[in-house]
Each structure stands twice: as C-alpha cells, then as structure tokens.
Amino acid sequence: MLDVVWLIPALPLAGFLVILLFGRKMGDPKAGYFATAMVGASFVVTVGVFLDLMSRSAEARTDQVKTLFSWVTVGSLHIDLAFLADPLSLTMCLFVTGIGALIHLYAVGYMHGDPRFSKFFLYLNLFAFSMLMLVLGSNMLVTFLGWEGVGTCSYLLISFWHERDSAATAGKKAFITNRVGDWGFMMAMFFAFWAVGSLDYLHINEAAGTLSTTTATAIALFAFVGACGKSAQLPLYLWLPDAMEGPTPVSALIHAATMVTAGVYLMCRISPVLNVASSYAPTVIAIVGAATAFYAAMVALAQNDIKKVLAYSTVSQLGYMFLAVGSGAYTAAIFHMVTHAFFKALLFLGAGSVIHGVHNEQDMRRMGALRKLMPITFGTFIVGWLAIAGVPPFSGFWSKDDILLAAWDKSPVLWAVGLVTALLTAFYMTRQVIMVFYGEARWHDAHEEHGAHGDMEPHESPWTMALPLIVLAVLAFAGGIINLPFKASTERLALWLEPVVGVHDSTTAKVPFALIAVAGSLIGIGVAFAIYYYKRIKPVEPKILADAWGYDRAVSAFMGGPGRASFDAVAWADANIIDGAVKGAGQLVQESAGQARKVQSGNVRNYAAALGIGVVLLLAWFVVFRGML
Amino acid sequence: MELFVFVVAGAMVLGGAVGVILSKHPVHAALSLILTLFGVAVLFVAQEANFLAAVQVIVYAGAIVVLFLFVIMLLGVDNSENLRIEPFKVQRPIAAVVGAGLFGLISAAAIVARGAKTGLQGSGLEVTGPDGSKLHDGNIKALARDLFSDHVLAFELTSVLLVIAVVGTVLLARKPRKGEQTVDTGAGALG
Amino acid sequence: MQFPILTMLVLSPVVGALLVAVISKRQPDLVKVTALLSSVLTGGLALWVLFAFKSHDDGFQFASQHQWITTWGISWHLGVDGISIFMVVLTGVLFPLVIAGIDPHHDHKRYLSWMLLLEAGVLGSFVSLDLFLFFVFFEIVLVPMYFLIGGWGYDDRVNAATKFFLFTMVGSAFMLVGIIATAVIAKADNGHVTFDLIKIAESGSFGAGTGRWLFFSFAVAFAVKVPLFPLHTWLPDAHTQAPTGGSVILAGVMLKLGTYGLLRFGVYLFPEAAVWARPLMLTLATIGILWGAIAATMQTDLKRLVAYSSVAHLGFIVLGTFALTSQAITGGVLQNVNHGISTGALFILVGMIYERRHTREISKLKGLQKVAPVFAGVFTLVMLSSIGVPGLNGFVGEFLILIGSFATARWWVMVAAVGVILAALYLLWAYQRVFHGEPDEDNKSFPELKWKEGMLLLPFAAIIVFAGVYPKPMLDRIQPAVDKLLVHVEQHSDWHVPTVEKGDG
Amino acid sequence: MIIATVAPTTTWYLILAAMLFSIGTVGVLVRRNPLVLFMCIELMLNAVNLTFVAMARKLGDIGGQTTVFFVLVVAAAEVVVGLGIIVAILRRKPNATTDDLAELKG
Amino acid sequence: MGVLAADTLQGPSVDWFALSPIFVLLGGAMVLLVAAALTPRWPKRWYALFTAKIAVASVVLCFFLWHRISTKGPSTLVGDALHFDKMAIWVTITICVAVFLAALVTDDYLRREGLDGPEIYALYMLAAIGGIVMGSANDLIVMFLGLEILSIALYVMAASHRKRIKSQEAGIKYFVLGGFSSAFFLYGVALIYGGAGSTNFTKILLAFNTNVPAQKGHDALILAGVALLIVGLAFKVAAVPFHFWAPDVYEGAPTPVTAFMASAAKAAAFAAMLRVLLEALPHWSADYRPVIWTLGVITLVGGSVMAVVQTNVKRMLAFSSISHAGFMLVGVEAAAHTAGLPDAGDGRSAVLLYTMIYAVLVIGTFGVVTAVSRTGDDATGLAAFRGLGRNRPVLAMAMTVLLLAQAGVPLTSGFIAKFGVIRAAVEVHSYAIAIVAMIAAVIAAYLYLRIMISMWVSEPESGDDTRERVRVPSFLAVALTLSVGFTLVVGIFPEWLIRLAP
C-alpha cells in the first residue's frame, strides 16, 4: 500500500479538478457528496498505507520516501516532488482525511442552498489536497507548497462570502499575516539548504547533529516564525479570530482541526534540529506557546460570538501545543493536536449546527435554551465541552495532562501558566455551553428585532450535519486511548512516533499532577456555573478582554497610521523625488533652452556681437594660452 | 621718410575708419571710407605694391564706393542715424570689448612673433630684367606671372564668383510679376 | 549548410510587417490574417528551436555567422543557449496571442506592422551574439513600441511614449560608447577589432578599472530597461498609457532585455566588474523590490499597480543575477519567463476591465467577482501566480533566486524576501477593492469573460500551472548555460561560487 | 631726426591693420544702417589687404599681393550681391535698419 | 630675395579630366543661363531635369576619377592648388548628390511659388563648384574663394523668394554675418600667410617640417590665424557660438534652398575644416584640439537643447543641424588626435561618411517640409504636420524614417554615421565627448519625436481640413524615394559605403 501514498493527496486533487470542470453541472448537493467521497477515499487509502507501515519494523518506518518526479533541480539543489510516509505524517493524514471527510459531509448540509455551493467544495477539496501535501511532503519545499496552498485556500474560503466586506478583509488579513510567517519558513529553508545542501527532512534531520548551534538555532527559530503565522501564535495570531468570517465548516476544518496545526507539525518534523539548537530556542517556543495559551484564554472569557470563543480557544490550545514542543514533548504536542482536532472540530461543527439552527445568528446573547430544540447538537457539544475542559476520561484530559507534565519538567512557571489556562478554558467553555444551551431563550427578541417572518423556531440539523457530530463526539470522548499514560505499552502514540520525534523522558510522578489538573478544570466549571447558571456571582467581562487587550486595534491603528503614512511617503517620494528628478532634468533643458532662446533675438547685430565674443575667446586661447604662456 | 608716410597714411586710414563708424549720415560714412581707402593705397605704395595701390583706388574708391553712394541716392535712404540711441544696452560694451580684444590680441601676436622666420623662400616682389636690372613694370610682371601660374586656379575661380554676382543681381532685382501677392504675414498662419 | 533557423526567426516577422504594410487598407481581414500567420509562423519556428534544442548542452546552438560590416568587425552572428532560449520561445508565443487576442480598435494595419517589427526586434536582441547587432536590435525595439504607445495608448500617451523613448535612449547612449570602447580595447587581445561577443568575452582581459567603467556603461542601459531602482519611473507611465497589447509585450519581453542583457553582456563580458559591483546591484535590486511593492500598494490605478509590481519582480531577477550562484541565476532566467507570463496575463485582464468599464481607477470598481465569477477566477489564478504561490509558475523562479542568493547575499535575501509579503499585500488589497464586495450600480452589468477572451487566457493559465508544477524541462535547459557562465566568471575573477558543505560544523 | 632714423617695421603695419580691422568690427556691431554696416565690412577687408601687402614685403613674396586682387574681386562681388539684397528689402521696407529686420528669431 | 627671370610664362599644367566634374557643373550653369536667356521659357521641369542630369554626369565622371585615384594614387592639380584624392572626389560626389536632390525638390516648389526660372538651378551648380573647391583646396586662397563662391550663391538663394519678406530677411542676415565671418577667415589666411610664408598647404607643412618655431611665441601669428580660420569654418558649419545665423536663415530661406544649404554647405565646410586642420596645420593639433573639443561639446548641447522649445519645424531642423555639426566635430576632434601621423585613424573618414549620409538625409527631410509648407512656403509650424499620417501616410512614413535616421536609430544611415564618429572618438579615448554626444542625441531625439507625434498622433483641429492639401509632385517623390532608400540601404548594408569613405 505504501507505493500508493501519492493517492492520498491525488484523490482530493482529482476531486478539485472534476469539480472545477463539472462542478456547476453537478450542482447542489451532488458536488458536495462527490467531494466528500474523494476525501473519504483518501481516508481509506490512508488507512491502508497506515496499516502497511504498521506492519513494518520500527526502523523501516522512517525512511519511506516515494518520489513522483523531480520538481526543482538546479545544481546542488535537488527537490523532488516526493512523499515521506512515516508515523508522524500518517498520523496527521489520518485525522486530516478522517475529520476532513466528516466535515465535508457536514458541509453538504450546512452549505445547502448557497448559490456557490459547488465552488465551496472546489476550494475544500483543494484545501484537503494542499494540507495533505503539507503533511506528506518529504522535503521542506513540498511542505511549503502545501503550506502556501492551505493558506491560499484559507484565503479563498474565509472570503467565500466576499460580498461581505468584513469577510473579504478577513481573508486578505489571513493571507498576509500568514505570509509574514512564510517569510520565516523561507528563511528556515534557506538556512537549511545553505548549511545542509538539501531540503529533505531525512537529510536535514540526519545532518542535525553536525550543524553548528547557531545554524540549528536559526533554522529552528525561523521555522518557528513560520509556525507562529500558520498556527496563530503571538504576535501573529491576529488573523484567526477574524477568519471566523468564513463558513463554519471552514472554521472547523481549517481553523481548528488541520491547517492551524501545521506549525506544530513543522516543529515536530524538524525536532532533531530543534534538539541541537541553543537551549534558548525551545524556551522561546515554550514561552510564546504558554503566553499565547494564557492570553487567548483570557480573551475568550469575554467573547459573545459563539465562533469567536472557539477561535480564541483554538489559539489558546495551539499555544498549549507549542508549550509542549518547547518543552521537548513532541508526542504530547501531536497527541493534543489529534485530540484537539476531534473536540475542536466537534465544537465548531456544533456551533455551526447552532448557527444553522438559529438562522445564522452568532451572538450567544441571542441564544439560550437550545438543548431541547437541538438535542443531538446539545449532546455532542457537551462531549466536546468536557473534552476541552480536561475532564477525565475525555480525550482532552489525557493530552493536556501530558503537556502540563512536560511543562513542569521544563519549568514550574510554565506549568503554572498552563494550569491556569486549563482552568480558564474550563471556565469559558462552560460559560459558552450555558449561554447557548441553558437559561432562557433569548432568540425570540432577536428575531422580532429582525422583523422575521414565519416560523423561526430553531431546529435540529439534517443528518448530513448530525452524523459527523456524532462520530466526532465518539472520537472526542475516546480519543485518549491512543496514548494512555498507564504504562509504556498503552502509550501507543508515543511508541508509534518515537522513531521520528524521539521520546520525552519524564521522571515526574504523574498522578498528583493529573489530580491538580482535574481540580483546576472542575474549579473552572464550577465557577462558571456559579456565575452564569446560578447567577451567584456577577460576571466580570472587562471590555479590554472582549477587545483582546486592544492588540488587534493597535496593530490596525499602526497599519492605518504610521504604516500607511510611510507607504504614502514612499509613493510620494517616487512621484516627486525620483520621478521629480527625471522631470526636473526635462524642465532644466526646457528652461535653459528658453533662456538661450532670448539670445537668439533675431537681431543681426546681437549675433555679430556673439560671434565677436567667440572670436576674442578663441584668439585669447590661441594667442595667450598657447602662444605666449 | 617711410615713418612719415606711415604716420600720415595711418592717420588717414584710422581717421577715415573712425569717420565711417561715427558719421550719422551714410553719405558721410561713404566719404570717410574713401579717405581710408586712399590711406590704404598710400600704404600699399610704401610697401612696394604700386600696382595694387592703383587698383585699390580704381576699384574700391572708384567703383565700390560709388556703388554705395549710388544705392544711397537711388533708395533715398539718406536719413541720418541717431547714434546716441542703442536699443541693446550691452551691445556697445561688447563692441568695445571685442574691438579692444581683437586689436590687443592680434597686436600681441604680431609683436611676439616679430622675430619669427619661416623656412620658405619668397619668389620676390618684382621681376628683374635678364641682367638682374630693375624693370619699371617689375611689380606688375611679377603679379602677372604669379597670377597666371601659381594662382591661376584662383584667378579662374573669381570668374565664377562674378558670374554668381551677375546671376544673383538678376534674380534679386527681378520685380514680382503683376498680380503676384507678397506673403508678408509673418504670423505663419499654421505656425 | 544548416538551415538558418534563427535568421528566419528574426526575419519572418519583418516580412510579415512589410506585407501588412503593403496590403490595402480596404482589406482589413487580409491584414489581420497576414499578421497572425506571420506571428504564428514565427512562434512555430521558436517552438521548433525549443524542441530541437539540445538540453544539457551549455554552448550556443543553431549559431550562424555571416559577414555584415567587416570593416568594423561586425557580423550577423546569431545563436541561442539556455539563457536565451526561453526568452525566444516566450516572445514567439506571446506575440501571436497578443495579435490574435487583443484588439487595438483602430488603424489595425499600422498597429500590426509595428507589432511585427517589434517582434523582430525583440527576437533579434535575444539571439544576437554580436555587440553591435545586439545594440541595433536593442535600440530598434524602441521605435515600434514608441509608436504603439503613442498611437494606440490612452490619454497621456504622448508624454509617456516620449518619456519611455528618451529615458531608454539615455541608457543606450552610455552603452553604445561602452560597446565601442569594449571592442576597441579588446583589440589588444584579438589583434583586430571585433564586436563578436564570444571572442571578446573569451579573450578580452580588461584591466580592473577599465572593465568596471565598461561594465558601468552597459549596466546603466540595462538598469533603465529592467528597470532598476531608481531608474524605473518611466515604466509606470509607459505601462499605464500603453495599449493592452503594448503593455503585455513591454512587461512580457521587453523589460527582459534588461535582465537578459545584464547577464549576457554585463556578467559574461566583465566578470571582474560584475563581482565588484555586486553590493551595489544587490542593494539596488533589493530596494527596488521593496520600493516597487510599496509604491504599488498605494496606487489608485490598477494598471499602474501592476506596473509597479513589475519593478518589484524584476528586482528579484537582478538580485538573482548578481548573487552569482547556479540556483539564483537559473531562477532569474526562469523568472524572466514566468514574470512575462503572469504579468502579461495581468495586463490582459486589466485591459479587459478597461474595455468593459472604461476606467482603471480601483475606486470605481467594486464587486466584480459577484457578476463575473469566471473572470474573477482567472484573475485570482494569475494573481496568485504573481504573488508567488507554490505550484504556480511565479514561485519556482522566486524561490530559486532567493535560495540561491542566500549563500552569497544573505542579508539582502532576508530583506528582499519581505517583498514576498508585500506582493500579497498590494495584490490582495487591490483584488479585494475591485472584485469583492457588493457591486454598485456601475459595476452590476460587468460582462462575464467571453469565449474568445477565455481562449486568449487559456494558454497563459496553462503555462502558469505547468511551469509551476513541472519546471524541470526548463531548468534542465537553462542550467548548463548558467553553470558555464559561472565557470567563466570564476576563471576571470576572484569569485568563488560557494559549494554547500554537508553540515557547516 | 627720428623720422629719418626709425623706419616702420612690418609689425607696425600689422598693428595698424589690426586697429583698422577692430574698428571695422566695432562698426559692424554698432551701426544699424545696413549700408554703413557693409562699409564696415569693407574696412575689415582693407585691413586684411594691408596685412597681406605688409607680409608680402616682409616675406619678399608676390603671392601676398596677388591675394589682394582676389580680395578685391570678392569684395566687389559681395557688395554687388549685398546691395542687391538691400535694395530688394528697402524697396519693401523703406528706411529699414538691421534692427527692424528681426522677424525671424527664437 | 628670389629673383625671377623675365622669360616667357610657363603656366602650370592642367589635368582637364581631373577637373571635369567642375567643368561639367560650370558648363551646365553657363549653358542653362545662356540658353534660358536666349530661348523662350522652357517646358515645365526641364530646368530641374537639366540640372539633375548635369549633377549625375558629374557623379559619373567622379566614378572614373575614383578609379583613377585607386590605381594611380592621389596627386595635386593646377599648380598644387587643388587636391586630387579620394576625399576630393568624395566631397564632389556628396555635393553633386545634393545638387541632384535639391534640383528635384526645387522643381515643383518654384512653380508653386510662382518663381520659376533657371537662375536658382544655375546657382546650385555654381555653388557646388565653390563647395567642391573648398573640399579639394590645397591652398588657403583657393579655399577662401571656394568659400565665397558657395556663400555668395547661398546669400542670393536665401533671399530669392521675392514674395516672402522672411526670405529677404534671411538673405541679409546671412549676408551680413557671412561677410563678417569671411573677413575673419580671410584675416586668418593673411596671418598664416605671414607666419608661414605661403598659403599653400604643402608649403605650409614644409615650412614647419624644416623649421619649427623653436622659440616660445614665434608661432603666435599662426596661432592667431588658426583661431580666425576656425572662426570662419565654424561659422559655416554653424557651430555654437557661431551658429546664430542658422536658425533664422534656415527658417527664412526657401525650403529647398535650406535643404541645399544644410547638405552641400555643411559637407563642404567640414571637408575644408579637415583639410585645413589636418593637412595644413597638423603641427598645431595640440593647440586646436581643445578648441574643437569645446566647440563640439557646446555645439552638441546647445543645438539639441535649443531645439527643444521650437515650434517651427524648419527652425527645429536648423537646431538639429547644429547638433549634427556637433557630432561631426566629434569626428574632427578624433581626427585631430592623429593629425599628421602616418596612421590617420578613423576620424576623417567618419566625418566624411557623416557628411554624405547627412546630406542625403537632410535634403529628404526638408523635401517633406517643402511639400508640407504648401503654397507660400509658410506652413512650417508643427501644426502644419498634424494629420499627415492619416492624409498622406506614405509621405509621413518617409518623414518618419528620415527623422528616425536623424535621431540615430539603428538600421538607418543616421546610426551608421553616428556610430562612425563615436567609434573614431572612442578609438582615441575621447570618451567624454562621445558620451556628451550621445546624450545630446537623446535630447535632440525629443524634437524628432515631437514632429512624429504631430504627424501620427495629434488629432486634427478645427480649420485643419480647410488647409490646402499637401501635394507630392513626381520629382519630389523621386527625391524622397531616393533619399529614404539610401537612408535604409546604408542603414542596413553600410559596408560598401564605409569601405569607400576615404
């Protein structure tokens, strides 16, 4: 099966091409089903490849490179369009195609009736293709191809409803912010090529041991800059909350489950380099991760948009993953990535279902009491909530616990930040659940305000949307079994990934920390209930949190103010100084000609005088300077 | 003796020249010119160019100046010119500088180079008799000899020049035929 | 004797132009068909050259040399190598498309004649192996382009055309003196005066001072043509005022005369000086990348924006050229082609917008994607190519330039790569303002892409994707010539192309 | 007696000629009447003639004198043509000075 | 003191055949004048045809003479007064070509303007003799006479349009300034004669080959003479600051005469300059070279810059002609570097090539202006060219080619000409002036562009359609065809002409 690894991205690509050509003819919903089928098929192939790889020995799992053709080859630079099928990439592929297929299916229901239905699936398939390229690429450039591809699809999908200015702006913002990160990615590539002479992961990781510390640090940190862009870390996270302008399946697939984890994936992929880098490199990553996690969790406390809460939550959880990466616990990062993909996709899809149900309302203050009206959505959402809150035995508990443990090994301060973040996470998720599903139904007023017509009663979603919710709920609940920390043999993921990312040895006792974490979660949930359900405590939702500490506004103000002014200055200088010099030269000629013209007075005596002066000058030269001196 | 001639003739030459440029009336200018031409003729004699002196008087004073006077009379352009007015302020200072410069520089060159010798041997100003005696028409003969040997081409070319002068005057003097309109609107309708 | 295909290639558009000029004005269809046939024939010849071109051959192929002005040591010497082959092909392909697909609206006969003459000039420039001959073609292209801008351009066309003509001529002024001086000075090595590029380059040994001055004289001309910051200000004017066809050709192939010239005549003839001038050229290129991008961002005219983007893109090519590594130069040569395709297509699209709306003001356009989704889709594809998204052609060249330059010009690359971010900024922002949003009254009736227009754009789109996915055939043909050039540079200067040591220890 | 002892050398004549020439030049620059202007040119030509004759004597070469002939012819031809042009103009613009003939300019 | 024997005069031997081009022209002029005076008015075009045939006959004779020089080598004629070498023949051909083309251009013009008659044609031929003599002179006096023949004929022709006061103004301006400057030239001849002992080039050279003035200042008279000679010639070629007459005269003179003036007179004057500086005065090349350099630079810049603001095409072309003179001075400067050396360098042949090319070019250009100026010869503003591309595309195309050639665009003869002089300059390492020349060419290009814009781009304005239609009579068409043909042929296949240039 390994030989057909190329089929994994090829199937969505085929889907893209078919929909490109015949999408309109297929129409709603056939195009959607077709797209789903392609990603589903890709999942099947992935499973096949996965099983094939499983059957091989651990040593033979890491160097399975399948080359399609030579892509960019100049001199010493050999870049093949090749796939690296190893435990890490296949893990990614499994959940990318798996969750991807579910979300495709979900989208068939969600996007039903949209005039650009087929185009949505066109982009979605293209995204799946790009994401798989990113994951499977055997060298940094193929990854970069996918990296930019997912960015482009993200752009296209965020601004899918481009008639809305905010959507268009958000799409652009996402792309450009990502590009800032891409700059880092490119620099990492350049450094790698310069130092190693190759962009192949196998070569780079093999040569990692021989790299100088400085080079390794440079590669690692530049790659991290790229990761920050893609995975929405401080200070580049800005685009992700805005990206919620896209249709909800997009948010679920791209901005929660898959694309945003690419940064984490990249860091794990080049973990050998990171391991030999200066010690401050991982520390920087860990600090940025922890800071982001905490910061975003704070912001999530005060959001009222159902998707914004999840968006900040995603930022926060990604911060967790980087905390893990920075702490050297790559397996934990991947583990959390997988579980996060399950529960966050679930939460987003649930949120989408809610939005769908309440007719495109996203403000939680205009929801409430939906648990009866949307039972499936409610039930699955609860699973997601408990998973993200870190309540055992839901999947989130296991993965988060792993990370906290690793953080403790790195530094107790980081652990403390992580713990507080976990508490906050539990709190704001509980707040969300209560605001959406409990309390009084506030959506009546909303609809009256809108002057709605007919029966606007919220309703449960169709099966295409419900089925993915249920599957994901199961995964979110049970996802933890892939890496249970009871004994070495139950740490299946760690074993599986060990040939690629190594193993993170920890001697710290696990149980006390697990208990502390659970306690934190429960405290968060409890406080939230006290505030929002029982209304015992007055909610504190400072504006500054809702405003994300004003960071976004400050950046916008900078861009619109000094940034734009400096751009204007360049444009001005171009027109007036550089082109001005050119025009000035022209004018100089014109003006001196105008002056000279006056001498050409038409009077013959003037001409004779000029001639006479010429004569005297010539004579003076010849007689005085050449003859006498 | 030669100095005396030089001074007197020089005074004539320069006086006449100054007269030309300072007389308000063109007729006076023409008369002053005659004075200069005579002075030059005298100097020719002093320089052993007797024949040229005669030609100078006949051609210049006799023909050219008469032609000038003729045109002045013919056209009646004998109104005097007010020399006190100069529309171009810089014109006269420039004229002064140019005049002084020319004079000064060429004189300087003449003075500096006064001792210079050339490697060429002159052919002599006069033809002598077979016995080396001086002939009364030696200068004329020498001129004639030179004119028809070394300078024969130049001499022939003067004929072309004269033909041009003839054709030119014919062309210029031809009056516009009847009915022909002159185009004087200098505005250049399409300019 | 070998079939003189390159001579045919250069002369067939000339013949076409003469035929077009001779055919009566009353037979407009015949005029068009003749012009098209002539350009298609030329394109066919160009493709023939491409297919007959031996990859992995680093020398000049199809070379033909005939006496021309023997007294002055000038010959009709043509040949292609990996550096020029794709420029020839691009020229051969672009012209038929432009001639077939873009309507000048009036005076077709004259327009087509100039177009074909332009093609001959451009092709001639790319295949000349004689300095004099090159100069002749380099300079002659100004004339048709001048008339195309002046005759079929927009409101301010006269000023723009004049500026274009004079600005470029100033550069050429230096080059002409430089060319002659090169030949005269090289006489000492050759024994007789020759303008033959190869002879001079292989035997010429210029003293450092002399070589630098000569290099400077060439570089000025090419820098104007490229255009390199700060000599670029003619370009926005020329592009904005030129008719669509003119803009496509201008951006597509004419600017490449500059980058091509820098490589072929600057680096090849004066390796020592080129190495010496590296810091300056790299800096100017880098400034140009950022400057062009920033200026593009602030433009209010869509076509002007694309024009400034050319300044930025060509900055990359110059950067690659003077990085003097195999990857960077190969990338630069490739990027010549890629930029020609994507920016050419962008100009076609902008031209179509102008045809429909009679404005190029970004502020007057809005929401076109809603009314013309296919048009917007094509625009998006081309735009992404121009931004340099991997998988499309624009990326490969840019990437090679940057990665190749990194070894020898690290700090410049780090700054220049910021241009990649800015490229996204100005294009996406413009795209948003033009295509996104709800169309207003004026833009509601914006017509969708027509069948014929689609056929025009299809080849562009095909190349954009193909060259992005599988650039290997191109790279295989470019690289040998580039490597040969680098060996030449190493032999004639103290330059050493860095080789990657496995692990820098 | 100074007069008897000092003979004027060629240089004297040259200086005299230079002075005459300069006066002629100044005349061209300051006189507005075209006829007088021509006369000034004649002055210049005479200065040249004087130079030629002086040189001829110094060099003992008849060529200089011959040249004076040609100058005479040239002067005559010039005057004929010049007066022809002046007549043509003055017939249309009586009493015109050179300052009045300035339509062509710039 | 030399003493001559009073025996019978033995005149110099005359090689009649070698002088035949001059005699043909002279005879042509005389026949034309006499026959025309004795017979009733000739049929239309006969005068021009006759003149053209004479010019062709001269050129044909030149071919034989050329062959003779090629085989037997150069010599001098009529008592060492004239050179008989390839350069002389080259100048003769150039001037006869100018006569030929000018006659064709003049033909219809004279009838259009109601000025028809044989005199102008006779003057062309006579002036040509002057030009040829200037270019072949081996004696300063002969050169002076040639100069005067050419000049006086031109004064007359410039003033010959009886109906245009501008023409007469041009005539008198040219005459006054011309007389003024030839006085300087003549004074220069006198001083050199005084310093060297002869006016004959061979003898001057000889005098200083054997007796170089050792003492500082002993050559002061010669130096002053060189200065004045340069003034006279610079005036003739219209070099700044001796150029002031040119724009006024070019504008005022009848257009075909302007054409003749710009071609033949310039060619003759440059040939004369080369003769004087290189053959008579090579010993002073270090003295006059900086002067030529300076004149060249200010002529190039001045001519180009002043052209920029003109609106009258004839005036523009006058300034452009000044700028071209600057280019030729670049060549002269290059030639001066090798003056008197056995290896003569390329400067001289470059200048001669330039004069030939420019002569053909400029007559063609003014030929178009002749057609466009319409009856009255006054429609020479830029506006008069508006819409020419639409109404008379072939004429406009011809003008475009000629203008591009003047601008020095490759594949036209103008480029070859410029390349030649720049190459000559670079060969002697005069880089600065070469670059100045090229930059000046760019500035000058602006004015050609303006004319082209007027023809092709500018929209007709109200009133334009009421203008007299531009006619292209057959003789003019022939002249333009030949001129454009030569421009392109030489531009594309210049080898033969370059090889010929002496």
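Read from first to last, the chains carry the letters A, B, C, D and E; within each, the first residue is number 1.
One rule holds in what follows: contacts are C-beta pairs under 8 Å (C-beta built on N, C-alpha and C of every residue); 3 or more make two chains touch, one makes a residue touch a chain.
Only a predicted model underlies this, so the values are computations on that prediction, with no experimental measurement involved.
Contact with both chain C and chain D is made by A, E. The greatest centre-to-centre gap from chain B, using C-alpha centroids, is found for A. The chain with its C-alpha centre at the largest distance from the centre of chain D is A. Nearest to the common centre of all protein CA atoms is the CA centroid of chain C. Between B-E and C-E, more C-beta contact pairs join the chains of B-E.
A straight line joining the Cα centres of chain D and chain E is 27 Å long. A straight line joining the Cα centres of chain A and chain D is 96 Å long. Work out the mean CA point of chain B and of chain D, and you get 4 Å between them. A separation of 36 Å divides the Cα centre of chain A from that of chain C.
The residues of chain D that reach two or more other chains are 14, 21, 24-25, 28-30, 32, 38, 54, 59-61, 63, 67, 70, 74, 77, 81, 84-86, 88, 92, 98-99, 101-106, listed in rising order. Residue positions of chain C with contacts to 2 or more other chains are absent. Counting partners per residue, chain A has 597, 600, 602-606, 608-609, 612-613, 615, 619, 623, 627-628 as the residues that reach two or more other chains. The chain pairs satisfying the stated touch condition come to A-B, A-C, A-D, A-E, B-D, B-E, C-E, D-E. Within the complex formed with chain B, the chain A residues making contact are 603, 605-606, 609, 612-613, 615-616, 619-620, 623-624, 627-628. Partner chain B is touched in their complex by these residues of chain E: 1-6, 9-12, 26, 29-30, 33, 77-82, 114, 117, 119-120, 122-123, 126-127, 129-130, 133, 139, 141-142, 145-146, 148-149, 152-153, 155-156, 159-160, 162-166, 191, 195-198, 200, 203, 206-211, 213, 215, 217-224, 311-312, 376-381, 383-384, 467. Interface residues of chain C facing chain A in the complex, by the touch rule stated above, are 163, 167, 229-230, 232-234, 291, 294-295, 297-299, 325-327, 330-331, 367, 369-370, 373, 380, 384, 389-391, 395-396, 399-400, 402-404, 406-407, 410, 413-414, 417-418, 420-421, 424-425, 428-429, 431-432, 435-438, 469-472, 475-476, 479, 483, 499-505.
Of all residues in chain B, those touching chain E in their complex are 105-106, 108-110, 112-113, 115-125, 127-130, 132, 135, 141-142, 144-145, 148-154, 157-158, 160-161, 163-165, 167-168, 170-172, 174-177, 180-186, 188-191.
Listed in rising order, the residues of chain D touching chain B in the complex are 2-4, 6-16, 18-27, 29-33, 35-36, 38-40, 42-43, 46, 49-50, 53-54, 56-57, 59-63, 65-70, 72-77, 79-81, 83-88, 90-92, 94-95, 97, 99, 103.
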